[in-house]
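Handing you a structure now.
We just call them A, B and C in the order they show up, numbering each chain from 1.
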Amino acid sequence: MRSRGGRDWNAASFGQKLAAFAGLAFLHIPVWVIVLYAFTTEDRTYQFPPPGLTLRWFAVAFAREDIWAALRLSLSVASVATAMAILLGTLAAFALAHSRFRGREAITLLFVLPIALPGIITGIALLSAFKLGGIQPGFWTIVTGHATFCIVIVHNNVIARLRRLPQSWVEASMDLGADGVQTFRYVILPQIATALLAGGMLAFALSFDEIIVTLFTAGHEQTLPIWFFNELFRPRERPITNVVAVSVVLITMVPILLAYRLTRPREFESK
Amino acid sequence: MRAIAKFLYGRRGFYLALLLLPPLLWLGTVYLGSLLALLMQSFYAIDEFTARIVPKLTLATYRQLVSHPANVDIILRTLGMAAAVTVMAAVVAFPIANYMARHASPRMKAVFYVGVMLPMWTSYLVKVYAWRLVLAKQGILFWFVDQLGLTPALDAALTTPVIGGPSLASSYLGMFIVFVYMWLPFMILPLTAALERVPQSLLQASADLGARPGQTFRNVVLPLALPGLAAGSVFTFSLTLGDYIIPSVVGAPGYFIGMMVYQQQGTVGNLPLAAAFSVVPIILIAIYLSLAKRLGAFDAL
Amino acid sequence: MTPAIELAGVSRLFGAVRALDEVSLAVAPGEFFALLGPSGSGKTTCLRLIAGFDRPTHGNVMLDGENVTNIPPFDRSVNTVFQDYALFPHMSVAENVAYGPKVRGVSETERQRLALEVLELVRLAALADRSPAQLSGGQKQRVALARSLINKPKVLLLDEPLGALDLRLREEMQIELKAIQQQVGITFVYVTHDQGEALSMADRVAVFREGRMEQLDSPRALYERPRTAFVARFVGSANVVEGELARSITGAPRAFAIRAEAIEVLATGAPVPDGALCCEGVLEDLHYHGATSRWHVRTDAGPAIAAVRSEGLPTAATARGSRVRLAWSRESIVLLTDT
């Protein structure tokens, strides 16, 4: 389809290509820097290039109970928040996918608002409410914040898939004798399962990594990001921070890549 | 089950309400309720002697917000940074989005897509931390600049008033680089989506009618990419306005709105002032959104 | 005999739009019944009300004497062949066909047997294990048909089932559908905007226009005795003559229809048989169609009239712009009730 005419601005010039690849490299360099620094033998400064490489810091980090505790808390918060987001986000997607009614726009806006506004607003707003209501911060206040902005992630994934499902499939199923539950189980669920899973994984990754809202809603609990945030101002344990950074990158990469694979358009969808 | 399905038949409104009730209840009470609580807190004030919040509606906190020149400075500084970051993100994102949308082979496109998505979803804190490593005094960027023999140029940049500082890691220039880096994917993705929707035939038609490449770009591509640009800028603008981690990690001395919110509610314990401060980005974003809406940003979201 | 389907004063309003306006009709068991009309005429709305995908704003839908207005689609003995086939992409052909028995709780082996039996009927048993994505349009069409027939419904609804097929395949499928209908003896309700399809296949045709039923008749009666100007034009492509032109020809202002092939084209001033009706005008256009040619004549009174002739004419008259005389017998006109 690409035109090769010399007059076509569209033929990628070398400069355009270079800018694109340079931009991509710019996005990736810091991630690789982190990987490199996890192995450095230098433990006080950010010296580059590293004077030597070692695996020692991994062993030190893995022996730290406070890191494991933070990781456990982060995983359980993300699990509960994701479960809630899947339930509420899917319900909303089903209600909004094919219906038109007065106030629909306002409802959609309400779902998007928690990620459209900066996280700090959600954080300080929840904190204000907890203070007014006399609620002590803890596990559930963290989950409340996370679930609120995760709903839209699941909702967006599921509604995009539902909108691509022809209405006639549901009608055909009902027409052939299936009631609502059977239609959901045999026709809709197989079609949206991957979108549901992908939405769930993105929500999980988002929750696992969240810091901006969490700093407002957490009490004395330390999620992994909070632990990490505190380390940033306590430079004595820099090598351990490096190791945790690499581990976090690797852990979050798994659900993201899976979510990508699951939502890639496949043949049968392109009717 | 059949009985329920039968009951719901023809009661579509009831069925929709049943589905919508739980999520609406959650967001309506938890989220909207919290926003209301935030608004309410901003109309409270702190008693200067007891340092306790007085639960009486007053405009005193807002008066404090706008009457202190330092506070106005903070707002202007944040706004300036958000605007600069948005412009720069658009400039850097455009070649990438353009290459992804029009030139890349399907394979290359997938590579770029994952290549943009992975850093975007990589832990926010880890990325901030990584930039601290990169920008540090003995860090990787200084090493590279030194290898290239460009140290005088960097020193010149760092001695420039306003953007400079003792090192990149403690200058507005460094903070600016980190902000652009962090929100760049949020600009690339909507921009790519918008550019993908520009039909090839339009470009051919334009060339056919005698437009030179630059003219086609200005008169056809740019107007059609504008919604994507607007959508991306909503993200970069809004995210910069609200961030408080980056300015405190890669820091220059001046305060930003987000830092004020965090500090006022935390160490200072002045929740009303924090709430009032956080109303500022909401207003700024509302203004920005209404502008972006006119450019059709929401068709590209 | 109880009608297979009966619509009693059925209306469907979408806001202020009357998609269906006070429609009453009855379909006899075993009948091949067509709903014909241009898009937006209400024929598909009518079908969706019978299937139960939608509910009437007023009026009742009866199936086999039973009022099903408030019965959901899965409890109606009606099945639908969709315009886009609506085959489930994650199921094989056989699984698609066996879906009805499956949700009704029929055992695995029994429903496999049933599925093969129906696939046999549409001559697709060999493709049972394929996925729908691997089928051609015509094959998808047959799978959709088999999937609906397996439930042995009292009524089969077909929504423009041949709309997506090319001309040759469409003609083949018309014959096959008719044959299958006679073989299984199920009432067919067939929605189409193609009057040729409706006339050639259906026992009776209901013509829809803007939500109302204009005429319900046999194909022959519709063609030969249209009651309204719309039916005359839409079904028979007939000339509708009204107003001043009608008065100048018949002496009365009442509108009438005259089919193009009943009109003779003569040279001006040529003698006309006794009792024939005639008018004169200018030949505007002439379309050659092989076996016939179509003449467009602008009458002196204003409106144009089309004539279809199989034989030639004195060459002098075939030039565009030349004057001609049109004539037809008094018996060949159909007086219309309204215009």
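In the analysis below, contacts are C-beta pairs under 8 Å (C-beta built on N, C-alpha and C of every residue); 3 or more make two chains touch, one makes a residue touch a chain.
From a predicted model like this one, the values you see are computed outputs, not experimental measurements.
Student: Could you quickly compare A-B and B-C and let me know which has more C-beta contacts?
Tutor: Of A-B and B-C, more C-beta pairs in contact link A-B.
Student: Using the mean of all protein Cα atoms as the middle point, what chain has its own Cα mean nearest that point?
Tutor: Central chain: A.
Student: Where the CA atoms of subunit A average out and where those of subunit C average out, how many Å apart are those spots?
Tutor: Each chain reduced to its C-alpha mean, subunit A and subunit C end up 54 Å apart.
Student: Taking each chain's centre as the mean of its CA atoms, how far is subunit A from subunit B in angstrom?
Tutor: Taking the average C-alpha coordinate of subunit A and of subunit B, the gap between them is 16 Å.
Student: Just curious, how far off is subunit C from subunit B if you go by their C-alpha centres, in Å?
Tutor: 58
Student: List, in ascending order, every residue of subunit B touching at least 2 other chains.
Tutor: 2, 5 - these are the residues of subunit B that touch more than one other chain.
Student: Give me the residue numbers in subunit C that touch at least two other chains, ranges are fine.
Tutor: 52, 72, 74
Student: Which subunit A residues reach two or more other chains?
Tutor: Within subunit A, the residues that touch at least two other chains are 179.
Student: Any idea which subunit A residues touch subunit C in the complex?
Tutor: Touch residues, subunit A against subunit C: 166, 168-169, 171-179, 182, 186-187, 190-191, 267-269.
Student: Hey, which residues of subunit B end up touching subunit A in the complex?
Tutor: Residue positions touching the partner: 1-2, 4-5, 8, 12-13, 16, 19-20, 22-24, 26-28, 30-35, 37-38, 40-41, 92-93, 95-96, 98-100, 102-103, 112, 114-119, 121-134, 136-140, 142-143, 181, 184-185, 188, 200, 203-204, 207, 212-214, 216-217, 221, 234, 238-239, 241-245, 249, 258, 261-262, 265, 271, 274-275, 278, 281-282, 285, 289.
Student: Inside the complex, what are the residues of subunit C that reach subunit B?
Tutor: 52, 55, 70-72, 74-75
Student: Per the contact definition, I'd like the list of subunit C residues that touch subunit A in the complex.
Tutor: For this pair, the touching residues of subunit C are 51-53, 72-74, 78-80, 82-84, 86, 88-90, 99-100, 102-104, 131, 133, 147-148, 151.
Student: Hey, which residues of subunit A end up touching subunit B in the complex?
Tutor: Going through subunit A, the ones touching subunit B are 1-3, 5, 7-10, 12, 16-17, 19-20, 23-24, 26-31, 33-34, 37, 45-49, 87-89, 91-92, 94-96, 99, 101, 107, 110-111, 113-114, 116-122, 124-129, 131-133, 144, 147-148, 151, 155, 179-181, 202, 205, 209, 211-212, 215-216, 225, 228-229, 232, 241, 245, 248-249, 252-253, 256-257, 260.
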